[in-house]
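Common to both upcoming complexes is chain A, partnered first by chain B, then by chain C.
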Partner chain A sequence: MKVLLVDDEKELVSTLAQRLGFRGIEADWAATPQEAIALLDQNHYDIAVLDVQMPGMDGFELKEKLESAAPHMAFIFITGHGSEECYHIGCSKAGEAYYLVKPVDIDSLVEKLNSLKDKGETK
Partner chain B sequence: MTQSVEKLIQEGGVGYFGAMTASVSHEIKNCLAIMNENAGLMTDLILLSQQRPPLDLERIQSITERITGQIHRADTILKNLNVFSHSMDKPVQPVDLSQAVQLAASLGRRISENRRITVQHQPPEKPVEVTAPFFFLLYLIWTILEGALDAMPSGSTLDITCSEKKGLPVISLFSKAVIKPGIEKAMTLTASQHLLTLIPVEVAVDSTTTELIFGLPRPTHNPLP
Partner chain C sequence: MTSPYKDKSPLQQGKVMSHLSGEFLNYRRIWLLSFILTALFALVPVIFFALIDYNLTQKSMEQDAEARASRLASNTWRSVSFFLDERRNAIDYVARSNTRAQLSSSKRLAAILSELRFSFGGFTDIGIINAAGYQEAYAGPYKLAGKDYKDQAWFDETMAQGTSVSDVFLGHRNVPHISIAIRHRSPNGAAFVVRATIEHQLPRIFSQLKTTHRGDIFLVNTQGTLQTPSRYFGRVLEPLGMALPPRTGETKILSQRNDQTGELIIAYRYIPKTPFVLMVVKSKQALFAPWHEAKTQLIKYLGLSISVILVWIWAVTAYMVRRLKNLDRKRAKYFHLAEYANKMASVGRLAAGVAHEINNPLAIINEKAGLIKDMAQFKAKYKEDTRLHDALDVILDSVKRCGRITRQLLSFGRQTQTIAVPMKLRTVLDEVLIFLTKEAELRKINISMDIPEDLPSVICDHGKLQQIMLNIINNAFSAMSAKGSLTITAQKQSGDMIAMSIADTGCGISEQNLQEIFEPFFSTKTNAGGTGLGLSITYGLVQELGGRIEVKSRVNQGTEFTVYLPTKQKQNKD
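What follows is the complex of A and B.
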């Protein structure tokens, strides 16, 4: 399983990638939606973990772009923004189980990644 | 009823308070998330070193430095939030305009960043004082800033300064990017009439510098401490 992590908080996303690596999950990271799109051009990813609120393009919009380029991908959203509206949009885009609020528990994230992989939701 | 509530939220500044606290809480969440990941990474490295010693002390040090950096970041955000929360303590008070501009821009930083616009504030050489309802002054400054953000292209920079011109406190906005014509009218229309009654503001455009200039009322009493 190969994962793409996208969050404008570089320290967050780079550390998360290292921790997933220790758990046997290969993860690349990007700090902007543009970097993420560029990475997808050159690599194959099964799952993308996207921050909801990012400068220039939100995570939901980025999902549409990544999905059009790689329809097999599955998505998990993470957010620091707990508004009800955001929650409903996130759940409708990824399913309630795959909408996580920061700070994220690594074991919970790994469980969700494995669950998506086992369910074959990475198409 | 819905219209009355919306009017009250807009005119009373409740909507502004909500937008700023949402922006600030989002930033604090990010600080906590980074500290959480770094603390977790340190635990991972310690557990790993028990199987494959030694512990990489340089790596641990760089992680603790990152955590300390985030503690300072969160502390600054919370200090700003605290000043903001106390901005309603007095109906009117002497305010350093530059500090008010800095605070208003910092509180809304997440919003300007999401639009990919950098707001740069250059403090004046000497303090510029206004006497105003502090909370509503912040609301007015944010209304001015947000109006400018709406009129600017993504990826641009907005410079904001304070000065005294002909004895009047003035906020000036300048950008190398194109600010849509007529913005000064749009911005004063955006600010509710209630807000403009509390803090009458004169708007002008300097045709030579293309600066947008907001003239505030002259300070009346109670000089800055």
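What follows is the complex of A and C.
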């Protein structure tokens, strides 16, 4: 399983990638949506974990872009802002279970990644 | 909640509020002012026209009284003149129908006297006086034949003017008499005078006339001696006691004030060819008695209508000002509601903003600490260092705790949205209680919640529901001094409703106040900064959500608010 992490907080994504690495999940990270698109050109990812609020492009927009390039990908959203509106849009786009509010518990993230991977495999 | 004042700062609205509460004090003055002004404008014309009417009526009454006195004087004058003319004509007839020789015979004269007595009555005597003033013949009770009248004023007057009437004098049997003399000429051209004395019959005629309004009719001679008795001025031959008015040819009016008789209207007329002045007297007081009665009646009606007008104006202005007051209060309530909503929205935005800003560094701390923990776990060097692991666990737990708090802050901030969505009562309660648990702990207030897991979600605007809960729980807290318990329960009700009840063990609300607690501006804490709007706002919010609120309370035992909320979307949302 290969995961792409996108968040404008570089410290956050880099650490998260490292920690996922400890747990046997190969993760690349990008600090901007452009970087993420560039990474997708060169690599294959099963799942993308996207921050909802990013400068320039929000997580949902980025999801559309990534999905059009790699339709098989699954997505998890993380957000620092838990407004009702965001929550409803996020849930409708990712499903309630795959919309996480920061700070994210690493174990629940791993769990969600695994379950998405299983879903992808059974598909 | 949408409001045109949403963009105003709370400071500005505070000014609006204090301005309004200033206005509240002036309703009494507004009412008094409008009452006085309206009453003035209504009553001034009424009183003005009443006064005009009063004066006009009085004037016309006076003129009427004078006209009546004048008319009576003229009529009486005519009667007196007629009476005297009749006697004069009778004497004239006697002179014409008898020869000079016949008249000079006392016997014949006695016969004539008895005929005159028979025809007219009141004739006392009759005499014939020659041009020299010598009484040639006489018939009557006295022995006056041969009397010389040459030097007497009446004789000269008769000779000069052809006729004269004497003043009244006490004659035979002390009865008042007058004498009438007529100058005549015999066929040879020699003048002679026929003079007759008659009983004074005018008082009798007058007494038939002077009947109403304490009227008085009398004769006075040109010397000011009464010739007939007068009600006001005295008896026959007594002096009149007032100056005679100047001689005129027609009836005139004068008025006289007298201490005993009051004001008198006197109509007078000189009777030509006699020394008499006829006077008709009317007492103004008596004449005006009906007018005084009417005046009293008029004043009574005026007073009555003024009272009715005043009562009416009082009622109308009181009603108007009360309505104005209610409208102002309603307006102030909406201002306040808007201000409150605005405040809540600001707090929400602030909370959400703070939470969001904290969440990102918190997430980094979380990941970094997690990374250290991961490294410690995966590297044998640190694996056994329990202190390091404990410290990292504490950091991670604290991050989790912060996360919980920021999450609750965020959902509190969601109240700026006004979409009615299904939500769990328990979740919203938890969000609200986070602000209150610390206070509850400090004040030793025990909060217990009994909300069934399978309770249906309520369809609510998040913020409004929070506000409702906050208001009620805040009230419950302020009702309880230290120690107490707050019990929150919820049950499913029939008809797609749930009932949430919040009960405290506080001071309770008296039965009298219980009926008014949802009224705006009703507060028992005005001294302690209460606006009296909290529960009225709560009431309004519950209604907006399509629910209802009930309250039960016992003094010193506690209060229980029950809020009924819908679990299904209503068709007509506010």
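General observations
We adopt the following convention: the second predicted complex is superposed on the first by the 120 of 123 C-alpha atoms of A that agree within 3 Å, B and C clash if a C-alpha of one lies under 4 Å from a C-alpha of the other, contacts with A are read in each partner's own complex, and residues count from 1 in each chain.
Just so we're on the same page, a residue touches a chain if its C-beta (ideal position, glycine included) is under 8 Å from a C-beta of that chain, and two chains touch if they have at least 3 such contacts.
Small disclaimer: the values here were computed from a predicted structure and weren't measured.
Of the two partner chains, both chain B and chain C are touched by A:R19. Of the two partner chains, chain B is the only one that A:G56 touches; chain C does not reach it. Of the two partner chains placed by superposition, chain B and chain C are both touched by A:K102. In the superposition on the C-alpha atoms of chain A, the part of chain A touched by chain B in one complex and by chain C in the other spans residues 9, 11-12, 15-16, 18-19, 22, 80-83, 102-104, 106. Residues 9, 11-12, 15-16, 18-19, 22-23, 80-85, 88, 101-106 of chain A are the ones that touch chain C when the two sit in their complex. The part of chain B that touches chain A in the complex is made up of residues 22, 25-27, 29-30, 32-38, 40-41, 44, 48, 66, 70, 110, 113-116, 154. If you check the complex, the residues on chain A that touch chain B are 8-9, 11-12, 15-16, 18-19, 22, 53-56, 80-83, 102-104, 106. If you check the complex, the residues on chain C that touch chain A are 352, 355-356, 359-360, 362-368, 370-371, 374-375, 378, 399-400, 402-403, 407, 410-411, 413-414, 417, 419, 421, 462.
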